[in-house]
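Two complexes follow with subunit A in common, the first pairing it with subunit B and the second with subunit C.
Moving on to the complex of A and B:
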């Protein structure tokens, strides 16, 4: 039997399949369930080649996010930290060298091979989000804490191991923040909001 | 029910099974890309300046035409994204043209050849490099017994160390048959220029002229070094604004920029020029500039006679002559429409004679600086070279043919049986980035790196100031694992033929680096060899200050024959002018969709061929825009849509070159028709070059009609309203523009 794809039918089937295919999630709720800012858009748990513990680095150690994610303040995209960045410290930290995850790290380094990380936060190509603009404004100009600034979009990564998308990253969600009146800085009570022109992101 | 919009239920579920999770998220109104699907490429140990999302610029040289413009490539995350001009380059001056912009489409073209092809059982089939090189080595390697004329290397305009390498390769066979073919060759004009001005390609100092009189020279469009010319032209037009007069049968882009545009009958440019010479020589101040016999012979070129032959109003001669007298220094240029005639060299000589009379040599015309490496300068392509090769192949003399950067099966005229002659060559190798009509006839087709992936050097035959050698460096790693650099392939063969001389070079990079660093003393550099090389790569150019040389003019070579009217063959009443588009050129760029999509600069037509016909002629013949016309010459016929174009001499029809490909990828195949194939076997009497603009045609209506795809709105240029007031050139009140009216 053949039939034309009917939009309603397709949507219904998508929902059915979602139920069938949904895998059990480790923590934080099912895929598509409510994010902490009230959108039904929680991302899936992503199994990375190395289970990188953000909680150890940013949480326990209190390392500034931008120590590793150096590109975020310099470029529109944040990129992924370079492998020699990891090695810069871990070459010198004898105490954890025999841990399985660190062994994995050293294996990649010895092969001079990039770790094939999977994308967790990504926007369609027709959206131009600029990391540099946001970090320069909220972290450097306003002097807000880095965990808060990065956390606007990435959630509290310092409490996760590998990152999971906990914000919607949809247009309505972006706009909801851009429409807010932001206090200019801790001392300057003047407020302003983010640009809401279409072309700011769609160029 | 098997329409393309139906889908089998099982297929539907299978598709869903694969992308179910992605589809679910999309269904929830979430615009973020799904997590955990794509990999994100990270660096292991990058250079410190590498920041993802931030472009880095590397210098290179554009290989889209022979001008050798220095370019800067913007590279981000290891991929070349865009080319800009390199400000270090004298030729490009930091600018770039549409051809250069489209170079990334040569590189990312989905029709790129990615594996070698070998003919098996009459068909080209993919093969491995090992097999391809084994075949190549067996035929052309160390054991090959081919000698002299048995081997030929056919290329387009090639220069720099690639040219030197081809020469060395042929040397190893005691062969000198490096055949350079250029379908848009300017050999006729160069021969005339050499005779009259003493230099085949003199420097045109457009910015120093106050008046330019151009006979069909499209220096802003498809001429020599158009980027450099456009920059000079901009200075020429700054206050005090220079005046441009263009005389040609079909309006070029340069003609469209002219202050005054005259349409004349094709082939009569020389007569018009001699008419001007006559008018000027009536004045004592110019009398001594040309030998007395010429002055005497010119007596017959009075304005009425000239007008009768050229079809230009008689008053135009004294007015143009008056403007030439009033504006000094001036510059008179000849172009393809004047040179591509049976009397082409004579036309060009007559036109260039005006420069001698007006004393422009040394002011707006100078000789190019002497070059320390003449062997690297691009050799001028010619039609004569191709016919020689054709004869050599047809006679069975040529046993092996290598082809790179030339597509004569497409761009040679239809009457030349090149494809048939090529069949007689037992071993034909093409080196291409993409299969074209000629490569499709070869026995072995080798996939090349794009110019954005390979090392090389370029030395243009037109050096605007001093000497510039353009360095081409890879702007990214090869897109495909099985493509190789042109230099590497030729060097590979040379290593087998002359191991003694070439085994020291593991690859073309090593060869080029050594060749460049050996040239260091010439550039008086105090750097070490390595630093000199790094510096050349960084700046993209090697430059030498050198003064222009003086021209030795010789007016006595100009032949002034009795002015005669053209005899019109009643069977072929129309002159046929093939026009060269600044983007597609001879068709080599028809595979680049940006250039196909960019509207033709004068008609705004895209993705097609068309027949330009004068509105008054069209009205007489009751032809509307979009009517399919058959344009027939004695050598063949093509069909295309009519386009009513006022920028034409009324007895002329014109068609653009470059379209009509049959085996050049998805963007070129089946677009338009190829007017090269209807050119008649007519040749310039002096040089033997093909007279590209001398064909006569007849127009036949087919009764069919199709919509013309173009950006221009209405067919009448002013939308039925007088938006821009214009006056025909011969009706303008010229006296207001010039005080010197020569009678």
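Moving on to the complex of A and C:
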């Protein structure tokens, strides 16, 4: 009996180890890969109502992120643009009006319904993250390019269609940047850190 | 705090706190003044605190077991040992009691996991994620202003659709963590953020706590003590109470300002103004 339990335990442990070891290979360790429960390595896989092409808008067209995500520079949240923001341009762009995704957009507009976009970079409720502080510091004060500044946390969105979460957004990951000595600007060699007090982010 | 930080700032970290003029060059040191002469014991501050900070109403049974979650409570005193005791109907005195945000807090040193610590602007913080619920801090708090979540209150206190009244800027605490008055840190953070964007310091009166805002008699004054022109700093100076001193050396007679349990060397950030009693009444 004793041997039987030990053998079962050993087998179970072996199985667990094998699964843990094999996991990166099975899932490929890639960010885009998805498990059955709709999660990948960095969180839930989000399927948006319209496959919004960030690569066209921010990449090809080179539109500033803050043209649509307009609150990022003056609020804690960056905001998802309202439908009339999309229509403001797309009403006037005749060349793409027959494209399937634009037809979807116009369908929402005709129905007078908001597009139910889903949140991709969803932080836990106990975290107080402020877009304004980061944008004011790195974009307006330091004058770094907007794609780089937003990309610190959001990755290179200009090369994606719908935005995907490519950074860990965990506490250790935040701290790793906050503890770095950031040069105050391109011409000013003085460095400073981000705040490391618990209550800056935990609420 | 990284190891390199620790080594670099070793000498400043080895200083006994608080010390004289500790916040002289700091931007913020939040403080409070409560005028007991103005306090009518109406409980508006407590109600405001419940609304602002997502405090659960625990119910009669839990309350009788001492499990109430009121971060700010009104204590009643019946003038024991004085002639006021003869007139219990007339002699009730009220004292709003909340976390005193001690500069040398007894709760901070005993936390086994560092869930409570001192912030640079002089607040005694409580990080719910880090708390393991040992309740040692509560045992060590002389003011008994730390409250423990004995139950999973969210479902009990805010059944659907009451959860919509919750303040999104404040965490809804779960079972097994300690909590306490934060001086409405979510408001302070928002005000500091706005001030930082404008490139200035938070002005006096720009931000206040929920209790001070709700007080009908303006008994509670809240502000930045690092700003010598603020209302609180002026009252502290007028009452000749020194933040970093455990024994006040008052030059003038008849000053009402005192801090509770000052002799325990907790160096509280809340100043109380004694009630003026008419002993002939």
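Convention: the second predicted complex is superposed on the first by the 158 of 203 C-alpha atoms of A that agree within 3 Å, B and C clash if a C-alpha of one lies under 4 Å from a C-alpha of the other, contacts with A are read in each partner's own complex, and residues count from 1 in each chain.
As a convention for this text, contacts are C-beta pairs under 8 Å (C-beta built on N, C-alpha and C of every residue); 3 or more make two chains touch, one makes a residue touch a chain.
Since the model is a prediction, treat every value here as computed from it, not as a measurement.
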For A:197, using the defined touch cut-off, is the partner it touches subunit B, subunit C, both, or neither? Pick first, second, both or neither.
second
**Asked** Who does A:47 touch here: subunit B (first), subunit C (second), both, or neither?
**Response** first
In the superposed arrangement, does A:74 touch subunit B (first), subunit C (second), both or neither?
both
Original post:
So, does A:113 touch the first partner subunit B, the second partner subunit C, both, or neither?
Top reply: first
Quick one: is A:170 in contact with subunit B, with subunit C, with both, or with neither? Answer first, second, both or neither. first
Going by the contact rule set out at the top, does A:179 touch subunit B (first), subunit C (second), both, or neither? second
Counting residues of subunit A touched by each of subunit B and subunit C, the higher count belongs to B
After lining up the shared chain so the two structures overlap, which partner does A:82 touch, if you call subunit B first and subunit C second: first, second, both or neither?
first
- prompt: Thinking of the overlay built on chain A, is A:128 touched by subunit B (first), by subunit C (second), by both, or by neither?
  reply: second
Residue overlap on subunit A between the subunit B interface and the subunit C interface 74, 76
Touching subunit A in the complex, subunit C uses residues 1-2, 5, 117, 119-120, 123, 125, 127-130, 168-172, 185-186, 189, 193, 196-197
The residues of subunit A that touch subunit C in their complex are 74, 76, 125-126, 128, 130, 132-133, 136, 179, 196-200, 202-203
Touching subunit A in the complex, subunit B uses residues 1, 5-9, 12, 16-17, 20-21, 23-25, 27-46, 51-54
Subunit A residues touching subunit B in their complex are 1-5, 11, 13-15, 17-18, 20-21, 31-32, 39-41, 43-47, 71, 74-84, 109, 112-124, 127, 164-165, 168-171
